[in-house]
Amino acid sequence: MRYAMAIDTKKCVGCSDCVVACQTENNVPIGYCRDWITETVEGSYPNLAIELRSERCNHCDNAPCVRCCPTGASQIVDGGIVITVADECIGCGACIESCPYEARYTHPDGYVDKCTFCLHRVEEGLLPACVSVCPTNCMYFGDIDDPNSDISKILKNRKQKTLAPEAGTGPQIYYLS
Amino acid sequence: MKEELIISGRNLPNIDPHLHLWHWPISLYLFLGGLAAGILFFAAMVTLFGKENKFQGAVKWATIIPPIGLSVGLMALLYDLTHILYAWRLFAAFRITSPMSWGAWTLMLVTPLSFLWTLSYFKEYFPNWNWKEGLLSYLDWVIDFVNDNKKVIAWILVPSTVLLGIYTGILLSAFNARPLWNNSILGPLFLTSGLSTGAASIIMLSKSHDERRLFSMIDLVLIAIELFLIVHLIMGMMAGSQVQLEASQIIMGGEYTVAFWVFVVILGLTFPAILEIFELIGYKVPAIVPAMLVIMGGLIFRFVMVDAGQLTRYLY
Amino acid sequence: MRTNRRQFIRISALGLGGVATAATAVGAGGSVLSIFDSSDEGPNINFKRYPTYCEVCFWKCAAWTHVNEDGEIVKIIGNDDDPHCNGRLCPRGTGGVGMYTDTDRLKTPLIRVKDGDKDTFREASWEEALDLVASKMKGIKEKYGSESFALLKHGSSGSHFEHLFKAYGSDTIGEPAYAQCRGPRETAFSATFGSWVGSPEPTDIRDTKCLVLIGSHIGENMHNSQVQEMSEAIDRGATIITVDPRMSTAASKSKYWLAIKPATDIALLLAWMHVIIYDKLYDEAYINKYTYGFEDLKNHVKNFTPEWAYGITTIDPSVIRKTAREMAQAAPAVIIHPGRHVVWYGDDTQRERAMAILNGLLGSWGKRGGFYLKEKLAIPKFPQPAYPHPKWGWEELGEHYPLAQMGITNELIRASIPEEDTKHKVKAWFVSGTNLVKTIPNKDLLEKALDSLEFLVVCDTMPMDITGYADVVLPECTYLERYDGIRSATNREPSVALRMPAVKPKYNTKPSWWMGKEIGERLGLGAYYNYKEYSEVLDWQLKKIGTSLEEMERIGVKKYERGSGPLYIGDGEDYEFPTNTGKVELYSTELAALGFDPMPVFTQHPEPEEGFYHLNYGRAPMHTFSRTANNPNLSDLMDENKIWINPRVAKIWNLKKDQEIYLKNQDGVVSSFPIKVRITERIRWDSVYMVHGFGHTNKKLTNAYGKGASDTEMITKVMIDPEMGGTGMRGNFVTFITDKNLVES
């Protein structure tokens, strides 16, 4: 079982609902965020193209943050979801330095925090907060090892990319275009 | 025109607009770690070659620095931790893939040994103390025990100080997200730099001309290796991928160019090397000058690498 | 600086706190629930949920408010059964928690008093404040007649005060959402199809084959179900055609983006009509059966060729033809979207008429993929005596604009100024749920009116700019803390939604139904308030429509079967449009009878002089007007607006990214605050763009004060729509002041 996320940039309007929903679902303090929206504009007026992406921790296959954690607080659980156990984290910041996606941050309470694919919801059979709130329905989440899941089907049919694949981390968020 | 921006107001402390999470505590610790490793390495080597009496500076005087340095370094590290009450977790696990874990355990080993080493010379530092009575008599026993087993300690120290010196570099190079750090040269480079600053400290604190001469020669060799490795570092980055190319621009025309080339390469390596050559040839050069320059260069080098490295990135 | 009789009081300077009940830190700070926190089985286990419908914008999505064991609101999630949101709230709705937790909220009633030679606010009890309001209302009634007390409102709270005012004998009621927003399109579509567009718009986007947006920026305006349906349409390969001088998000997802020269839309619309008619792209049978005035229209657009339009709009004639064909091919599953904020250049009713005519030519009204026939459930009125008949009201005030179908706020404002030549005079205002300062263009007019009023009451949740002018400030609790009227809005099928409080009102705030009742009783209007709690009214009404308060508290939303007939007009079915002629009026008899152009003509609008740029403004998906600028969750996403400037223009002015500049408009007005520069290719070189709703001047709004600049400040030239009195705001131009020293403090 390998959880992954696919986001359709054709439909995403960059509304940042995923950012607020994650904040209220996971008690993320104001001033911090586990996910964010980037906008890329290329070309010159009026021949332009815009790409809007909702980014977060990519729950990499080859997660450098897990590799470099000195206490094992940063770990991979069933399904490939990368989490950080607050009680085992010493706040050294090595995982923050090692993440090419700048997905981690130091929580005001001292430990390091990031997107958890809403593990607490996934365990109950629900979708992560961001996926379940997106008003354009552009986010897909599921088991890519299961060929019948929504996400497997959409990944089969669409042109896709991951961010910074050359970093060698094996990110599991696919952007469809 | 290509425009790339974050539109959801992300402004994470220490991470936006660019990563600056690790500051002076880390740079200071890396420097002190390398320095201590260098000094103890030479002390151990001298002991193993049986030349303790000839090279007193190396074994007796310079070795005062490691326990102080390592303690200060450790305190700096602890200061940098944000979840400090859980710091003991470092020693509840050993993670073979994490250089930081390696470092924690190595420090666990080297620091007490460095204290013991310095302790072993206490009777020579303070001959007038009453070593036969009370607390000092227990200490006396410990000192004798350490001195009897000096060679064993030296054997342990040789590989562990090399590990300590090299891990400070591997710690950084294991972060593939920071292109400036992500190369295999950083480990040996930091080790060489550590050894070189160690040799420089020995020169500074040595009271014997022969010792200073020997370590000047060792230092010269080390500086040469360092310069060679730096050239390789830059060549490697410029022949690497796009992100590495951009990373190399930071020290080749970017914000840290002056700091790197003037303060580290010229003032910290090349100039002291020239001074040492002059001294070896026969000119009168106060030994302290090149030694101080090398040590200062080592410190600034760590600062530049830690700060500049965090500016380099894969995205945005 | 002139001295006003009515000084603007900055609530900030007064350090008023009111009773702060266990104010949680702004946002949801505190410890995160670690996955492995042994004391927890999961963060959501003991949450209670209460039904509500969102008040952040007018879409009124039904939602569930989740409250934790400590009685704090933690999150708001959409109601799955609600057709307005389909279980997914937009970012403003999701961030509604911030409205509740915002520590800058109004906390207690305030009364204006004199402190030496300055005016200030003092805290007052509800008794005092309501007594004062009631006594003033009595006084105005005796001296001038109830008609002279006007109500300017928006949102759910407004309806409670509307009831009060009507009972009191005043029909002098206006909401900015009409003349400052959608007025022209209601008049235009009414004249063409006999029916308002209404809210939510009955656009069948999910089944459309071609969606045409004239300046509308769906995706940046978060009209929830429209954004959801547009996304569905994209999935199904529908064509989107966007006409906008700026590359909006919708434009970036469009097959055709017509980067039109500002203020020239009517020319394009006329050219499209020309192509559809002269290239015979219309359904002749449909035109013959359902439309009136085809020959007149054909004659009218004879010379409005794509080539003619090209010279005006700078859009290539081949593109005009191609897009017209694309629309015609998709017909009748095509939507020329009416837009929403359509008060642009003063000829807006005519421009909306052009859009309605195109819809008429393409036959999309009442068709799948075009416009469905909307329906809503009528909610029975709680028993009360009939309202008195005032001697005059909003209709009389708007007599110059015969086609206005609601109160024209600007006319109401003019009537409040003694020097203005109006037949009726307004002496006092009650403002509820609208920050007039950021809504009404022409600050001078508004301030003159405010200065002349004998009494001003403002009811709001936040210390918005308008509160600084009030004589009495009534602090309302947020929608999460109160009961309100049953939501019954037009949609494909009728539905009702309940709003009930999830928590007790914070601080010393009260719901507006209670305020209305208390004031009404003091005015001797107890007969109109024959209940103790509003929940009694709701239960009575809900029982009348086949449900109950108890059921609605469990389900939140109840859907009903359509009663007015099918969703669409059948092919060839005999259908009478509610117009004068019973047909779709391509030639408008209603407009002709009143002496207006029965078919739209293009008028050239003024262009900016050198160094000035068209001021365009719009929305951001994470904000609603100026209402949410202080919301901690939403200001975390976007806390200021930036001015979008084309790189070529930036080069001329030597501007850098994020440089702070001041704006100055064609009348010499300078922005109060500087605004940061965004250099982007997305905006045309003759225009600039900024998001509306920033540049707050009240220091009490700690998140929003001084952030960004206010576009409303820059709108001093107002072009009035002759048909319905709408205030066209897009005829203003700005230039930049880069040297701060040149700006007076």
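General remarks:
All chains are identified by letter, namely A, B and C, in their written order; residue positions are counted from 1 within each chain.
The rule is simple: contacts are C-beta pairs under 8 Å (C-beta built on N, C-alpha and C of every residue); 3 or more make two chains touch, one makes a residue touch a chain.
As the structure is a computational prediction, the values presented were derived from the model and not from experiment.
Should one ask which of A-C and B-C has more C-beta pairs in contact, the pair is A-C.
Averaging Cα coordinates per chain and for the whole protein, the chain whose average falls nearest the overall one is A.
A separation of 34 Å divides the Cα centre of chain A from that of chain C. Our note on geometry: chain B versus chain C, Cα centroid distance of 64 Å, whole angstroms. In chain B, the residues that reach two or more other chains under the touch definition are 1, 3, 7-9.
In chain A, 14, 16, 19, 31, 33, 41, 43-44, 52, 86-87, 109, 111 are the positions where the chain touches two or more neighbouring chains simultaneously. Chain contacts: chain C has residues 622, 636-638, 647, 680-681 touching two or more partner chains. In the complex of the two chains, the chain C residues touching chain A come out as 26-37, 42-44, 74-78, 85, 87-91, 94-95, 97, 219-220, 222, 224, 227-228, 230-232, 234-235, 247, 249, 252-253, 257, 259, 621-622, 632-634, 636-638, 646-647, 680-685.
Interface of chain B with chain A (complex): residues 1-15, 19, 21-22, 80-87, 89-90, 92-93, 95, 97-101, 103-104, 171, 174-178, 241, 243, 310, 313-316. Chain A meets chain C in the complex at residues 10-11, 13-17, 19-21, 23-31, 33, 41, 43-46, 48-50, 52, 83, 85-87, 107-109, 111, 113, 116, 119-121, 123-124, 132-138.
Those residues of chain B whose C-beta lies close enough to touch chain C in the complex are 1, 3, 7-9. Of all residues in chain A, those touching chain B in their complex are 14, 16, 19, 31-33, 36-44, 52, 64, 67-73, 86-94, 96-102, 105-106, 109-112, 163-164, 166-169.
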